[in-house]
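Please read through the structure below; I'll follow up with questions.
Here the chain labels run A, B and C in written order, and each chain numbers its own residues starting at 1.
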Amino acid sequence: MSDCCFEACQSQRLPDPEDETFLAVRNLSVHYGAKVALESVDIDIQRGRVTALIGPSGCGKTSFLFTLNRLSDLIPGCGVGGRVRFEGTEIYSDGVDIGLLRANIGMVFQKPNLFPVSIRKNLYLPLREHGCPVNQLDRRSEEVLREVGLWSEVSDRLDASAHSLSGGQQQRLCIARALTLRPKLLLMDEPCSSLDPMATDVIERLILKMRGEYSIVIVTHNLAQAQRIADDVAVFWCHDESGCVIESGHAEAVFRAPKQPDTVAYLAGQRG
Amino acid sequence: MKTRGATRNDRILLWGLRGASVLASSIVLLIVYFLLAESLPALRRIGIARFVTDGDWLPSTAEGENQYRLVPMLAATLLSTLGAVLIAAPAGLLSAVFCHFYAPKALATLQRRIVELLAGIPSVIYGFWGLVTLVPILQRLAPPGQNLLAGILVLTLMILPTIAMLASATLATIPQAHLQGAAALGLSRWTTLRGVVLPEAAPGLLIALLLGTMRAVGETMAVLMVCGNVVQIPTSLFDPVRTLTANIALEMGYATSEHRSVLFVSGLALMALVVLLIGLQRQFRRSVTLV
Amino acid sequence: MSRSTSRGARAKVADGLVQALVWGTAGTVSAVFLCLVGDLLWHGLAGIDLDFLTQGVERTGRAGGIFPILVSTFLILAVCLAVSIPIGLLTAILLSEFSRRNPTLSRLVGASLDVLAGVPSIVFGLFGNAFFCIALGMGFSILSGGLTLSCMVLPIFIRSVELGLRAVPSDYRLAGAALGMSHTSMLLKILLPAGAPGIAAGLMLGVGRALAETAALMFTSGYADRMPSSLMDSGRALSLHIYDLTQVTGGRPNAYASGVVLVALLLVINLLASWTVEHIVGGRVQRV
């Protein structure tokens, strides 16, 4: 069985990325100290599509997400090997402006993590940081709040504490905050895992609305959710306690006719 | 875009942080350096041996006839500290135990608040209170009243809050489950304390004791005001004594050359004592966290 | 059977004895506290009026007020804070936010602060005299005294600011990093405001320690009881004034009154500190 898995990992080799590839990951590995969390991942992420990362927990999906905007730099003992190429730039090469990279690749976390300041200030902070002129702040804030459908709900209390919002509203404000910088890619780490079904539904519809305009990579444990929102999927699997990607491609193809036995079992709810 | 400037700001910030940290940590080195530099003349010309072998403490007689016997002061410092710790350690522990296991909630809060306030009272006030309240009482027992016992009692009061607060913090870390386990066995409060609480809290209590000792060794004002300041090795609790710290406080004002240098030697000795206690404490803390 | 009953009886006696001992100790501690504060207030309150707070020192403190003493005290405190706040904040930020990137430096700083926190105040006095007064040529002055105190206050201030900053959820740091914010703006706009309670508590603990200090000021800021005309003037701190008054005959009434003023100042600061610690930082700032 483990041989099969090993081969599965190897079977995902992709050729060298072409320059117009939106986001290309080659031979990526992540380790925490001596423990390898993720090995030899090859994936191409397409522009304007929603890519769902699925698989059992502990298989390195979140670790993978953290490498794409180099948030992995902040995790003690975390080392990254291999290549990540975003719009023709190797993001792990020297002289990469990490601030700029993270402005171009936004991120939304499992739990809403708004700053302990007002709703307005939460949106102003990234805008000011990246040089948005003062007279544009209000316009841009309103834009993103309308995009995530929060404007009608909070327009009359922008100066209230962001923590006074409900969980679903907070998560949408987090998305709005990430959108303030007009990111080309939005990373979402199980954005609905702390929300109730109603709030989850709102976020899912929001993701569907954003498709095309934004490129989204979303980690989810919820297969039904992946089926509802994903254009592409990548299936993460564990082998010898380290994760790898065993299968990736168009969502429909993977869900309808999975190639790997582990994927078949996982989708059928028999494993993982 | 602004981001370039931001990374430069970050670099400036980091160097600022490092600069301030180096400055803050160099204070200790500066202290050691100046203590050494000022005591060097005395150490070189008088030598350590004479601080013990000299017959008396006569620091400002005619040139060349000075005597620098530091032993009585050292004895006073050690004895007053020992006495204070012997009383304050059990008392502090009992006060913490009172808050955690015996007192009703309101009383426990009150007691805790009182201990906190006691910790905040400056040493000069303790000294003053000792002088106007404690010393007259002791005077009736054995004149002149300013003596080793007065010093021990005032020091006890001063280090008790330190010990009580740290002991209390240690007791708070004992898992509730262990106490419930003891209660389920029908153990009495005293048996629970002796069998469960004290063994588990022992390392933390020892650290509290070391910190209390440190505070007592270094205390100046209170002992200066109540100990009588006679240079002698005490033969009873009612003898007036002069501690190392009080000696510095009394004589730094007029000391010159060799005399001044000897006072710095006694400062160096205090520093060595304190560093020893801190080293013990750090060592101990490390071994505790390993377990 | 009889053996076990006698053992049980003995345990009961021990239990009772310990209980009596515990209550007795707690009672004694409270009684001594009440006696101390009561005595101070009883004898001291009578001597405090507006004149006492606003007039100059006369006949080496036996008469007159403590106005110049208060001014000197606050000037010394101001110098102390002006130096220790910036250095302390920066060091605390290094320890809480960048210790992983500067492990050696952080360990060294931590160890030296531990030692510094334990240095006896009289040794600070010796050091301040040798370094600030003589080596740097500041003489007996408010400046020397304030700088000496800042050395004393730094470890307390740094440790509580560090704890306050560590108490800020790491979520905010991740969120800020994911938005491409620089460390500088994260600190200024999120971490320092969120860590403000810890900073406030540290500040008050430091001020409390500085106000209470006597021995370190004897040979640094000096005994002059007149109104200081500049920071280079000698100025007598309130705590030192109390000590000095016990050394002159007939000084006790004013020593009591000055003591009440000092304790009142400290009480307010202490209550503010423990209030901030308990209600805002949630008890995460350790008070030693």
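Just so it is clear, contacts are C-beta pairs under 8 Å (C-beta built on N, C-alpha and C of every residue); 3 or more make two chains touch, one makes a residue touch a chain.
Here the structure is a predicted model, which is why all the values come from computation and not from measurement.
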Taking mean C-alpha coords per chain and comparing to the overall C-alpha mean, nearest is chain C
Measuring centre to centre, with centres taken as mean CA positions, what chain is farthest from chain C?
-> A
Cα centre of chain A to Cα centre of chain B, whole Å, reads 56
Between the Cα centroids of chain A and chain C the separation in whole angstrom comes to 49
CA centroids of chain B and chain C: separation to the nearest Å works out as 15
Sequence positions of chain C contacting 2 or more other chains = 180-182, 185
Scan chain A for residues touching two or more other chains and write them down.
-> 98-100, 103, 129-130
List, in ascending order, every residue of chain B touching at least 2 other chains.
-> 3, 6-7
Residue ranges of chain C in contact with chain B within the complex = 11-12, 14-15, 18-19, 21-23, 25-26, 28-30, 32-33, 35-36, 39-40, 86-91, 93-95, 98, 102, 105-106, 108-109, 111-116, 118-127, 129-131, 135, 151, 154, 158, 180-185, 187, 208, 211-215, 218-219, 239-240, 242-243, 246, 252, 255, 259, 262-263, 266-267, 269-270, 274, 286-288
Which bits of chain A are touching chain C when the two form their complex?
-> 69, 71, 74, 76, 98-103, 106-107, 109, 111, 113-117, 125-126, 128-130, 174, 177-178, 181
In their shared complex, at which residues does chain C touch chain A?
-> 100, 169, 171-182, 185, 189-190, 193-194
Touching residues on chain B, where the partner in the complex is chain C = 3, 6-7, 9-10, 12-14, 16-31, 34-35, 37-38, 90-91, 94-95, 97-99, 101-103, 110-111, 114-129, 131-133, 157, 160, 162, 164-166, 169, 188-191, 193, 211, 214, 217-221, 224-225, 245, 248-249, 252-253, 263-264, 267, 270-271, 274-275, 277-278, 282
